[in-house]
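Labels for the chains are A, B and C, by order of writing; each one numbers its residues from 1.
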Amino acid sequence: MSAQTDLLRTSRIKAWEPPVWLLAFASPLLFPSHALIINEIAIVGLFAVSLDLVLGYSGIVSLGHAAFFGLGAYASALFCKHVNPDPHLGLLVSMGAAALLGCAASFTVLRGSDLTRLMVTLGIALILLELANKLDWLTGGIDGIQGLMFAPVLGRFEFDLAGRTASYYSITVLLVLFVVARRIVHSPFGATLKAIRDNRLRAMAIGIPVHARLIAIYTVAAAMAGAAGALFTQTSGFASLDVFEFHRSADTLLMLVIGGVGWLYGGIAGAVVFKLMQDWISGITQQYWGFWLGLFLVVLVLVGRDRLLKPWTWWRKA
Amino acid sequence: MLTILFDGIAYGMLLFVLAVGLAVTMGLMNFINLAHGAFAMAGGYITVLLMQRADVPFLVCLPLAFIGSALLGAVCERTLYRPLYRKTHLDQVLFSIGLVFMAVAAVDYYVGSTQQIMQLPEWLKGRTEIGSLGMGHYRLFIIAVCAALTVGLQFVLARTRFGSRLRAAVDDQRVAAGMGINVNLVFLSTFAFGSGLAGLGGALGAEVLGLDPSFPLKFMIYFLIVVAVGGTSSITGPLLAALLLGVADVAGKYYIPKMGAFIVYSLMIVILLWKPNGLFVRQGGKT
Amino acid sequence: MSASDTVLSCQGLVKRFGGIVATNDVSLELRRGARHALIGPNGAGKTTLINLLTGVLEPTAGRIALQGQDITRLAPHQRVRRGMVRTFQINQLFASMTPLETLGLVVSQQRGLGIRWWRPLGRDGGVAERAQQLLEQFHLAEVANQQTEHLAYGKRRLLEIAIALACEPRVLLLDEPVAGVPAGEREELLQTVAALPADVSVLLIEHDMDLVFSFADRMTVLVNGAVLTEGTPDEIEANPQVKAVYLGYEDEPLHV
């Protein structure tokens, strides 16, 4: 049925996808001295993908997504320190905690204007930052929780200083959650999200329970962000206040914008570009990275986001 | 406790002057401008630098801060902001964050990152005690200036031709343009004026709030709270929101220092959940 | 008209905005298979009434019943689930999706597949077939894979109505379906409206008097938010008050 093949076309795995993932898995072997940054890229890439679910597919402008990242990080840290150093259990605990917060927080982004949602998401992240700061008997305050020793991955692979285990662990988790995200966005459920994003009024008028769907996706995205936070703590051995900082939410937003909002791979592509650029520019001018980042953003918006970002559209659009 | 109330009111009025420009431009241009704090910072630095390097008296610096920031705002509006009015809110957020980063880095580069010390003139230092109420003279001065500004603003909006053009353009841009109102000019002058007020607020607030390159980032959320809670369809809304915020913040930090800012953020979230379009929404107006 | 025949009804519906009374004590009954037109001058409150019936606006007073059940407090999407569907005067479409994707989505949602998140859209439930059927019925098959925002206005209008029909409505509220449609594409649209299933009850808002008089078997005239009169097309046509409201005087015919 040609209509069916047309509908299913976008969900089919493209030819370039498997090689890209193979390359990703090979990269710690190909560039062993860069395993640490590969690990970082996988973690922020996962975080960016989770933000894309909220921003790109549901249309919620959030400046506080770091709340879930940070909660996942601290949950893993506390779980390791007080209960069990198994990283896999810790990952599940982090995702669960972040999902709970996401579900509760989702009620705050259902109504109101873009500005309201911006404020509320920002507010929640700031509240968590304050809490982590003030509850220093639990979180270590400014010092954070340090010196965590996690059990080996799958019982066999110790977290080594070079970061090889870490990068493989992170890339694997990224792949698994990415597959889940991909399934969601191409499913009927994902289509209802896009409908809500494009025209909430009409979505309601065709029977979509808008609030229920938004709560669901916000919870899922929070859980994924929590997983990224857990990976952060587990691969670095510590959790500190900067997991909640505004710049983390803002940087990830920027990564997503660089890579392209609304096509899932944008988060990963943006993470790669951003991290590499940051590494390079910080090597040149440590203190004023912010200025160049700011200039880039300003130019980006003035020129036009969609024109700059997906190179293959330079030829398609005028 | 009265002193806390007094300090809170002073803080609130200061926040109002800082944020009112943002509220009006948001309501007028529907533009989320996270860089508003940069204009405030400009006013603060103009004042401090003039006082430190050119020995300009404090009172003279205040109008200069206003003018400097207003000019800066006018230039930015004409060149940078105007092409972006039709863009999505996400684009506006990204753009203004970019501006802030640039402003912060530029100030850091040229002036340094240490906090600036403001030398107040002698007649503004000191306190007066009336019973349990302790009133710092500088805070009295702030309240007086801000109250005068508020009255002036309300007068301009309600009684002058510019004010009615502005209100018309806020209500419905296309109709206003159709009636011959030069909407571009209204936007430009409003943005400049709002930035000027922010600059004045920055100058006034340098002593109370602290002035360093991270000022726009630190206080951005406060300005946004004032606008989000107070709404963008009046100036009494943001005024009340600012006062509420000022008192809550000062009281919270004094009585429960462990949970200082926590109170403010929670209060904001609760209010926005209850009234997503702000506490004070004009019936029939654009929210 | 027996009570069990009434599919949609409202009693004493009132809507106030501050000091303005947009809807003033409106009562209406729609029976099964109705072809009911709602007419009135601009600003009479016709779209407001539709918004009240569909739950987009909350009434200040009054009751609404669908298939005999009180739905006054029911959320908009739940009213759709119960079979009351509307179209919009200004196209409300999903700009980034193609007509095929749009209809596929609507059909999926209608068949309860909207919560499925693992399998791709179009794999199950006969969704693709039904979407194709609708595309052909509404002359959209040629543009099925173009992004909605690039379609011509007439095609978008057709899609607007196709979406409503994909919801398998029992009650269909059409808000000025041919508004702004170029003369060349009106026929297509009119044919589709005329070919609606006989058991679907239709409430039509329209200004085009030719369409109204050829389509409706019953009409309600709304003026300043209140019902002026109601009756068959012949009765309405002969009514001098109606003519006065529309034409300013009573002698000219209401339509050719």
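Throughout what follows, a contact is a pair of C-beta atoms (placed from the backbone, for glycine too) under 8 Å apart; a residue touches a chain by one contact, two chains touch by 3 or more.
Bear in mind that the values here come from a model prediction, so they are computed numbers and not experimental data.
Using the contact threshold fixed earlier, the set of chains in contact with both chain B and chain C is A.
Chain A has its Cα centroid nearest to the centroid of all protein Cα atoms in the structure.
Seen from the Cα centre of chain A, the chain whose own Cα centre is farthest off is C.
With centres set at the average Cα position, the gap from chain B to chain C is 47 Å. Averaging C-alpha coordinates per chain places the centre of chain A 33 Å away from that of chain B. Here the CA centre of chain A is 42 Å from the CA centre of chain C.
On chain C, the positions that touch chain A within their shared complex are 54, 56, 75-78, 80-81, 85-86, 88, 92-97, 100-101, 104-106, 108-110, 113-123, 127-129, 131-132, 135, 144-145, 163, 166-167. Those residues of chain A that touch chain C in the shared complex are 1-4, 6-8, 11, 183-184, 186-192, 194-195, 198-199, 201-202, 204-210, 213. Against chain A, in their complex, chain B makes its touches with residues 26, 32, 80, 83-84, 87, 89-95, 97-106, 108-109, 217, 221, 224-225, 227-228, 258-262, 265-266, 268-269, 272-273, 276-278, 287. Taken together, the chain A residues at the contact with chain B in this complex read 55, 61, 63, 107-108, 111-116, 118-120, 122-124, 126-127, 130-131, 134, 246, 250, 253-254, 257, 261, 287-288, 290-291, 293-298, 300-302, 305.
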